Amino acid sequence: MKTGFYPGCSMKGSAREYSESLMAVAKVLGRELPEIPDWNCCGATAAHNLDRDLALALPARILAAAEKAGMDEVLVPCAACYSRLSVTRHELLDAKGSEALRARISGLIEAEYRGSAKVVNILEWLAGIGGLEGLIQAPFARKVACYYGCLLVRPAGIVKFDRPEEPQSMDRLMKKIGAEPLDWAFKTECCGAGFSISRNDLVARLSGLILDDAVARGAEAVIVACPMCHLNLDMRRPNIEKRADKKFRIPVLYVTQAIGLALGIAPKKLGLQRHKVTVRFSPAVDKSPAETLPPSGTRPGEA
Amino acid sequence: METLRNKARELLASKTVQMVIGYGRGSGEAAPARAVFIRAAAEAESLIFDASCQQNLAVYLMKPEVRQLGKAALVATPSALRTILQLAAENQVKDHDLLALAVDAQGEVTPLATLQTIEAHVAALDCNLSAGEKTELQKYVALDPEQRRQFWQEEFARCLKCYACRGACPLCYCSRCTVECNQPQWIPVPAHDLGNLEWNVMRAMHLAGRCVNCGDCSRACPVGIPLYLLNQRLLSEVLANFNFRSGMAAKADNAMSTFKPDDPEDFIR
Amino acid sequence: MSDFEPKIVAFVCNWCTYAGADLTGTNRMKYSPRVTIIRFPCTGRIDFMLLLKAFANGADGIIVSGCHPNDYHYSSGNFHARRRWIVFRGLLDFLGIDVRRVQFSWVSAAEGAKWAQLVDATAEQIRQLGPFSGYHKLRGAGVE
Amino acid sequence: MSRGPVIQHDRQVLAERILEQTGVDVARCYQCGKCSAGCPLAADMDFPPSQIMHLLQLGDFPEFAELALRSHTIWLCLTCEICYCRCPMELDIPKLMDVLRYESLAQKKINPKAKDIISFHRAFLDSVRTTGRLFEMGQVIDYKLRSGHFLQDLLQAPWMFFVGKLHLIPERIRDRRLLKRMFARTLKAREGRP
Amino acid sequence: MARIGVFICHCGENISATVDVAKVAAAAAKIPGVVHSVDYKYMCSDPGQQMVSSAIKEKNLTGVVVAACSPRMHEPTFRRACAEAGLNPFLCEMANIREHCSWVHEKGEATTNKAIDIVRTLVAKVKKNKALLPIKVPVTKTALVLGGGIAGIQASLDIANSGHKVILVEKEPSIGGHMSQLSETFPTLDCSQCILTPRMVEVAQNPNITLYSYAELESLEGFIGNFKARIRKKARSLDEKLCTGCGLCCQKCPTKKIASDFDAGLGMRPAIYVPFPQAVPNKPVIDREHCTYYLKGKCRLCEKVCPTQAIRFDQADEIVEVEVGAVVMATGFDIKHGDFFPEYGYGNYRDVIDGLQFERMASASGPTLGEMRRPSDGKVPEIVVFIACAGSRDPAKGIEYCSKICCMYTAKHAMLYRHKVHHGKPYVFYMDIRAGGKMYEEFVRRAIEEDGVQYIRGRVSRIYERGGKLIVKGADTLLGARPMEIEADMVVLATAGVANPGAEALAQKVHISYDSHHFYSEAHPKLRPVETNTAGIFLAGACQAPKDIPESVAQASGAAAKVAALFSQDELIREPLIAVVDRQAPPLYSTCVGCFLCQTSCPYQAIEKEEIRGRDGQLIKTVAKVNPGLCQGCGTCVALCRSKSIDIQGFSHEQVYAEVLALLNRGESDV
């Protein structure tokens, strides 16, 4: 079983801490994650908004490259990329009329797409790793709001690893590392997704509702598995606060960062210093502030 | 071979069975093996098993004169085992009516006392047509219809209506065959082209969903008509259309007496 | 060949196709007179041997028709018939007998128009195929 | 227009094209409104999803289909999939929205309010076309040029750069020629631009 | 030697306009065996029939062919005429030369020739016809009614009151069904218990009705008029004859916190209990799953307090065998339960309840004594949202059909709520209001106009709990599909009406067909709505499809009328067009070899195994036998039988074979 890794563009840039924390965790878990050779952008929202063939061809080229590299499955930690790759795989393999479509897309990418490589998301991948509990150094004893967002659990017919309403896989994962996942109402509500730049007014409103509920229920952190969600909930925090006319101090952690802390990995290796909203967690059992804080940047309330 | 003989001796001596139906040497050097009916432990040495032992001995299970002799142990090739299950599915054989001595090419003997054990044994066998059989069948399927018609017309022209195929077939156990009905006379008595065709069509249809492809009909045919082709063709149809194999289970419903609401019907207007 | 008029026998069930053909009549729709109906209680009753008998006695074509699945007088006889036809067609085809000479169909009691179309289409098909003399010739001396 | 919408029968209606391309049969929608009730942006839309469906159902009146193509809704749709997830008739509305966007682009019936959103998408894809990946910095600059929102987010960039999230030099993939060909045969061919 | 008479009808000009009838008659006369061949203007007229009957007598005919219209039209007419003239009616056949010939072809030789072909075919057939006698089947005049809800109660009373015995089987400890759980009924707001309990008492007191409560059907064999049923009486753990129903045991039982099914889980009951005070019979049962004695081997308090020593801890289930002539299925329905609607939190939030729970809450005899108190904290809900179609019309999560009763009961619920909480605010989310029925639309209007129920057209997308409130996210599709939120105290879901969990297994047990939702199928959707495809088994109430009370009662009375009609005769008379398995003299006995493929192919389970035994009782062979009461004459077995051991009367091998040969062999050959 060879598992390949598709980072996607944002994990190389605005979400690099997601990548860093994943790699740090994978190292402790003893997993290798070779990148798909010469991968390209999946096209994200933009491609499927403007051209269907392009929206299928970009992910198809990625998957074909993974196949060619002998990968049986591809880990796609970014929920948005995961969605595009999963939808493409479904359209080209299982949907009605997929054969003709597969031929056409194979023509576009100038390579045969067969569909042998499976697409797995971060929660699926982590759930498949046994013995995580045994590696815990310092339980992540926090009340957390597991935020799945849209694209990890929907559409239900294509991504079938958890149920679309009230999903549980991230909650189970958090329990494994000693956290207390809360019952809250916005697990799968939309944060505004790709409108972060073009319509940040909408993002501010939708993301504000999410933070509001998480805070109201006593969460100490929001846990995410998607760079877009993180961008909206963390980097867009000043916009959110401005629109809501109140402050939210709750940090937003990637699922891999929370696990990394529990595994005793140093915050800096997990990229916690790159967050807009200060993360004051350390791997220690006590709740003292993290030893390394981000050197600077806009603190909550400063923007 | 000695294992087989010992097993037969043991079964007869302990009176577990009254008779062992097995293969014995035919008269003459090149003669094929013939069926022998061993009723005393002392006669067991005449039992043989080698590549010449092809006959489906299950055919004797349906003969009243054999049945009268009491419980039998049957030296059973894979085809014979499947025949036993098919006969059970058709209420002709009950559990513990017989004991099967499954034999394989290596001379390995496995006694199978119940239908359930036969089922388990058969489940492990490859019951698909062999590659050679498939290739041969495909050769005829690939012909154009007119060539196929001519082929069969020439083959059936030799048919003598001797009914040896029927006699050799363990699944042709009707006490009155349709060919013997004369009110009305379904099949013309004389051996002319029409009668021969109708006879063979009827037999093939009556074996659809039942035949286990033992091939004894073709072996029995004195004029060498490749009857097995018809049976293999229909068992492929039944498998492809209904996902059904005969002779796999003792309680199976027959493919031709059941249906699925979504059976194919693209040929129906 | 142009003046060839085929003989076609229709084996139909009493409850759907027979009634459908009655409706064709009630509506005065015209169709080829080359087709004559024999009534059966159900398609499940139709013995494949009868189809052979029809060909042997001079039929050039055959229609077999009954109730649509699930719309059926005798809850499942037509499903059984369908299975039988699948196998029978496979056999005829393997024997090199032109399966286009047997037309299977579902015609309900409400489908008077479908019956007329079916008859005409089948008659035309058989007309094109010509007399089934190859089969008729099989009938040797001393039959019946 | 004073007579109200006029029926036109002799044309292939939009709903049929949608059915053909996506398998979504708008006739199955019975207007329960659950999609609109759950849509995160329904309040911002000119026609919430259930109304888009109804505009398409009335496809015999071309003016209604036109309203759907000219709507702001189709560009606001985030493809969050919640409507599809909860639709009792399992209608894939997000997929249908894709087709409406393509038709809207092809027929040049883009809602003026959607200009920024589309500029962002174009900037994004331009970056992918030239480098094979998203070059965030380049894209944002491109978007600013297209949209005219020069000052927006000006304060974010230095911070991002500081925490190591913003690269000044794009990552490029090796097989960029293939990417160019893929774009040329899809998006560019459709839009007829060089 | 056959002596056949052929009668060609002109049908006015309907036949004679395109067919040369005289020529047909002349040709028919030449067919061997035909001794009489005439044509006449209207064969079906009195003089025409007279011609047939006098020819039978004068020419001593052994068979008659009337060439006229479709047999579906006049076969009974001519068969009756033959019978009156002394000829067995099954020796008369019709040649359809009108619908199948004169009406569908142009005038000409080909048409006349086809008419001759048809006549020749039928002459050949009729020569092979045999005189048949109608089949008589005795009738056991006792009905079995399965299910003691309102439909089963009504059917039982109607059958019993027409003078026949009834055995009523109810699986719960008491009859009454869902109707006994309801508070008030639409559109009159009668108290459900008030109109139902007198009927329940009537059942208990009617001497013609034997009631088995806490009992289930174990098996049903046989056929119309002659069923054998085995009924499992589940152990009540007490002697019903001794129990007086005083209720002391229930009061003293120490295990009291068991969720009551009758109260839809809202109330509690002890381990020994009667489901509700007006139960019939008013005798408790011990719930062995929860009783301390059965769990831990200690307690037996009920035994100690029972004044009549009626408790029987060691009682076992009992099987009762009964013979019945007809069965009425009245097993009712269920509502969809459980976690099937996660976006509404149904099964998760305690204050999201279903319709039956609301009924119990509203019922004066319910767990809150009729007060509106929400389950989570017992507070009076100030804002209640009612959601229609929760699972109905929803192929994705529920069922695609409309459950039919919910629109009305939702209006009733909102109204009842308003009557009980005057300052409360009821909202109803709906898509369509289906209020077809006498006084139904008026009832809904009353809810809206007089009781101020706020109807909002749209479906709720999601419900979540926050701060003790249920946030209901909906939209109003009449106002531009604007999303809206209501902070409700309680939500009532009109969950879909579905078949009972055991419906499929029961249908298989009694051999009736059912649809993909496991509702029982009627024999014809319009013309035979209370019969099943299995003769002698009838349907009443919601086991066929969701129904309200008036419909259930109407259908129950319809089923009862069918049963009474069946029981009005001592013997059933059926057409003898059925299959028979060949029988021969010994030693063969039958050409059947007993492969029983026919048995699996029979759609009516009409084929049985018959053991043929010698004088010494030794089994000679097992062969097939057709049960004439069950066989419907389709002939599927006939075509399947390899040894041609089964034949079907009226369409026998000889008959159809002769038809094929005669049709294709023009000329004078007689086959």
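By letter and in written order, the chains are A, B, C, D and E; residue numbering begins at 1 in each of them.
Note that a residue touches a chain if its C-beta (ideal position, glycine included) is under 8 Å from a C-beta of that chain, and two chains touch if they have at least 3 such contacts.
Model, not experiment: these values are computed from the prediction.
Any chain bridging subunit D and subunit E, meaning touching each of them, is among A; the list is complete.
Any chain touching subunit B that also touches subunit E appears here: C. Chain centres were defined as the mean of their Cα atoms; on that basis the chain farthest from subunit C turns out to be A.
Comparing per-chain C-alpha centres with the mean over every protein C-alpha atom, the closest match is chain E. Counting C-beta pairs in contact across C-E and across A-D shows that the higher total falls to A-D.
Averaged Cα coordinates give subunit A a centre that lies 64 Å from the centre of subunit C. Rounded to whole angstrom, the centroid-to-centroid distance between subunit A and subunit D, based on C-alpha atoms, equals 23 Å.
Chain geometry summary: the mean Cα position of subunit A and that of subunit E are 55 Å apart.
Look at where the CA atoms of subunit B average out and do the same for subunit D: the two points lie 66 Å apart. Residue positions of subunit E touching 2 or more other chains, listed in rising order: 343, 601, 640, 653, 657. Counting partner chains per residue, subunit A has residues 165 touching two or more of them.
Looking at subunit C, one finds that residues 48, 53, 76, 80, 84, 144 touch two or more other chains.
All chain pairs that touch, listed by label, are A-D, A-E, B-C, B-E, C-E, D-E. Note for the complex: subunit C touches subunit E at residues 5, 7, 9, 18-19, 21-22, 24-26, 28-34, 36-42, 44-48, 50, 53-54, 57-59, 73-77, 80-81, 84, 116, 144.
Here subunit A touches subunit E in the complex through residues 163, 165-166, 185, 213, 216, going by the rule given at the top. By the touch rule above, subunit E contacts subunit C in their complex via residues 70-73, 96, 98-101, 103-106, 110-111, 113-114, 117-118, 121, 513, 533, 577, 601, 603-604, 632-636, 638-640, 648, 650-651, 653, 656-657, 659-661, 663-665, 671.
Interface residues of subunit E facing subunit B in the complex, by the touch rule stated above, are 588, 591, 593-601, 622, 640, 642-645, 653-654, 657-658.
Per the touch definition, subunit C reaches subunit B in the complex via residues 48-49, 52-53, 56, 69-70, 76, 79-80, 82-91, 93-99, 103-106, 118, 121, 134, 138-144.
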